[in-house]
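A, B, C, D, E and F are the chain letters, set down in written order, and residue numbers restart from 1 in every chain.
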């Protein structure tokens, strides 16, 4: 099993979700993070004049998937739906997962994804 | 006695009251979340402290008969002694409302003024010292200046300075006092290095709305009766706020391409400030001009302050101080109703106004500076660095804005 | 001149003012967080823009003497020229309050009407175009219809249409105008595909409370004096809101087993809308009926709208439009105080009311459609798709609701 | 008829109305986020339900001519039958305002009282049962007690008990009723085991501000006219709130080293409660004493309640009940304006007050207990355990406070 | 060392915490996430009529534990306290951890858990 | 590649960020968590009297870094800037990462950090 940790633009959530659904991926979790990277920060406006916010709101998408050939397909799907081509599109990290348990049924292993 | 006047001023008092909680949200939303409650706390504690002191001594110093040279009132009304609840005010403005009502209406002015001064304490106050500071400030700064302008025999009034609803007493005063405090207390840790973004724009807008409706009562109610002066003052107030808010937003749009709501709110506030001294003396077209002009003035002062190292965090100086100065001068230019001014052939009024501005600003700045520095040396106006980093909400109030 | 009337209408003006910030929170809470400030911005900018235009031209077009056929007023009051601050209104309703007060009271009506029209622009507005749109709309739609109903010589008034506090002028008008805009501007990206849940229910309730208290002044104040008509109008207003809110909640409960507060709030709003034209003409039992009946009507129209592809996002059409229609007709059925109606033997009044409804709805829809389409073609009413996805708070205002 | 009185009471009615949404935010902010909307829902549904019942029967039971022994009014005003919109009130207090206005002003009192009783239902209510409960409670508890104190021929009034603005009817009553409900309904699941922290302090402060401004109208308006009694009542109200809020904050500071804003808000509320029965009868110095004394009293009762196993979640008993008791007794001690008391040589007044307190508390507690237990047995006052754990916002209202 | 990432119902936090305490586990972190899985979504109510929210509020519990025999015990404890038997109970994922450092003391390794 | 998961005091974010920047680390993400550990909880004040909050607001800092010698330097930098010496300073966990992808460019591997 692998865990994908994807940092993406919040406004891209819906297309990504749709894409993953079409691949049959249903289990996932999202949370709000703020990120820093090659994107320069966004300009916001105060009472008079602009200031730059260095921490940009991103969405962190966590998906645990089976360790089969689908991995690339899934990554491509996310890339496709998350890309704008401008700095700040985000990254995907792949992290090993040793096991999974479904609380409802005590099931273990890949079957519970 | 006119019952309708009582009805109006009763309600105006309530509406001016709501300005201080409004300010709590306006100011609070502009700060970081970790010290939002603290800012609201300064506003709410101002309500409590000023009210009690006003009862004991503040009102007396400001409004009891002069004890010398038009500088300050005496002790006749200490503890409201000698004000019967059914005495009608036989004062300078009106004999239609009970003195008790005049006293409480004026109290609400004192409260909001003191609350505005929370600006330079933002996110770094030693709360106990703040309570002591505002107590001294009410007695040594606010009450005297209120006496000069509104008290019977007050020297500015005698000199002929025009101030319909408190541009001098409230706004210029608090603006320069805030500057003095900012110099004494110093900037927040990390100021200009760490981000200090406004944390809640809807709160700022809620605060703006409450301030705005309160200002109708603040300026309109200063007519002290249900009459056409009240009406024109209210409309002027509204029109100036609209014009200034809109112009500020446009300035911001030209500069940064964004329709800033903090800009609109700040502009509206500047407009409300600027029209205050003139509100009952001018016709609507003049209110429009006052509003249009105040936006670039305060936009500039705010920008200058922003570029400086002075962390007068919520810009009472830039907005109230300079909005008030422009308003005072504009009153000397545009007054036509019940007063004369430059446009009615009395250019000297402008100079009278300027004298009022300078003396008030200087007195306020100097005395506030002294009070602040004495308290700062004795017990310290600032929280500790650690408290500041953790945020005053937790460290000083034991509370979290949104847990 | 009656001072008490001034006192009351002064305060009512302030309370009607607070409706627009109330609407900002009501509407804002119903949208996604990423465009909440933008919605509030539309409401606040309406305050600024409408006020300035009202001063220059709007009031004149609506309320200066008729220039032809009861269709529109003239230019006599341009820039409020010719309205002295101490002129008492010698109009159709009252001579007790200064015309200046009547003007500013009416201004607050114009503001809230214009702000309601933000509904179909939600989350996708080109803010600059919105400012232009509402400027045109005030002049070409609101002012004429206000003249028809309230202006001296206005044709609907002459015909005998009853509208106590603006059901036609405000609600039917804005409802159908919103529909027209919705058709021109088109649905939000992802509409019906992506979730668009309300992001802040407490804000909606805060907005409801502010609208509600403002409505007491809106309807009660329309008596233009401190008298028993004002009182009965206020109570009717309250009772209809309560009944409609409760019934709506029950309908929702029957359908989905939940006591929806958005439902109660929407129902109360529908009740407030529906009782507006009748409020000073009816007895409380009729207000109760109006409230009970409006809930299923607007629930139905809202459901129909919901199922359609038309993204009239905040349902001004369903609630204000249809609530207003029912209210106008109900006035023809139930009016007993100072007017006749079906139940007092004048069934023809219903037809008069229906004529008013149809003409207003048609005029409003058509003219608004034309204005919208012209602006849309010239500069575009919509933000870009990218701005819409990012959210207008950041892309248009450079601000974040809660950072 | 006095127009100014109408103007004032009209506006006071609107301001008392806003207290209930204010309470919604005050209470809501003190609860966990997952049941915040539910608390607001109880407040808003109280507005709807009480208003409709007041129209049908509540007002009649409280204020129509006595039907026996000063215990309850009759059915003369059922459906407001027999109250013409232009009848002036020929009652005990005043003939200056229309009865319709008196009725709606009193309605607002009934609403806020009923809303306060939401306290022991917090986070665990069966919402349907709550609606039934408050309906019964209005008729069987509130209306009778209102009749005793304010109705023509009411036995407490005849006995000479003093209650200017409703300390007995509203606060003692609701305090002991809340205690009774708390005993019947039992504590929240996990009470004292799981954390139940206040989720939104700014909402609590917003609520405080709205309650405060409403209270000016609640107490001041109880003079039923624009006169000096209204003024002194308003000022006393404000001063007591300030004193109590400040003292509470200091008590907390001494105990825990924190300047608690929840403390200041609770103290201010206690001050507002305590001064209510005395507000129009006393001079400001007495209001100050009442405020200073109420803080330690209610701080103690609240602490005792906190240590007990009784989950009277929002402390209506500790604050309203005991604040009201102290206020009632203090009225017997300090009344000097238009009434006599201990300090004017009538110590017997204290006993009269105590009789009023005991009878009201006992009646309220017992009858409420019976109503609650009957409803609890029949349909259950509580939500299911699962609903409670998920949070009532989702499970009962299908809504999320901030999504 | 292992990291447990548990997605659970927010209302189950207290019992889980209590259970873990009894096992001597004190170090943990929680955050709010929204999740998607076999649970269908919850029905919320709008101004008129229901709509379905696909993203359901969950709590993410992160616990880094020693790599000893206690693992199963801990997992069972979480399952026990988090289970309702209805879809949406959530999952536990086991992720390898290479090292841990306590900032306060510069300690490294298992001792700092 | 390694992932550092750091639980730190929120008020320490700025110094940590500055320190990392000086080391040339620009990519990172933060999120709000609540934590439990050796720190006893903080005392808050209710309407009357104190209560103790067991879950303390912490910041979770996630940084994916290259697997080169810099690791220790980075950790020391974080420790230095996050330390107060009092309980609650937090911990750093090191988790293996298998791969990284930059969405904007489809780049894979260490180069995209």
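We adopt the following convention: contacts are C-beta pairs under 8 Å (C-beta built on N, C-alpha and C of every residue); 3 or more make two chains touch, one makes a residue touch a chain.
What you are looking at is a predicted structure, and each value in this text was computed from that prediction instead of being measured.
Graph distance from chain A to chain D, where chains that touch are one step apart, equals 2. Chain pair with the larger contact count among A-C and A-B is A-B, by C-beta pairs in contact. Look at where the CA atoms of chain B average out and do the same for chain C: the two points lie 34 Å apart.
Note: centroid distance chain C to chain E, computed from Cα atoms, is 49 Å. Centroids built from CA atoms put chain E at 44 Å from chain D. Of all residues in chain B, those touching 2 or more other chains are 2-4, 7-8, 11, 15, 197-198, 206, 256, 258, 260, 262, 397-400, listed in ascending order. In chain F, the residues that reach two or more other chains under the touch definition are 31, 43-45, 50, 55, 95-96. Shown are all chain pairs that touch, namely A-B, A-C, A-E, A-F, B-C, B-D, B-F, C-D, C-E, D-E, D-F, E-F. By the touch rule above, chain B contacts chain D in their complex via residues 2-4, 6-8, 10-11, 13-15, 17-18, 21, 24-25, 28, 36-37, 40-41, 44-45, 47-49, 51-52, 55, 79-80, 85-86, 98, 100-101, 103-104, 107, 127-128, 203, 206, 393, 396-403.
Considering their complex, residues 2-5, 7-8, 11, 15, 33, 197-202, 205-206, 208-209, 212-213, 216-217, 220, 225-232, 234-235, 238-239, 242-243, 245-246, 249, 256, 258-262, 264-265, 268, 283-285, 288, 337 of chain C touch chain D. Only residues 10-11, 14, 42-45, 50, 53, 57 of chain E touch chain D when the two sit together in their complex. Interface residues of chain E, counted against chain F in their complex, comprise 1, 3, 17, 26-31, 62, 64, 95-104, 106, 112. Chain A makes touch with chain B in their complex at residues 43-51, 53-55.
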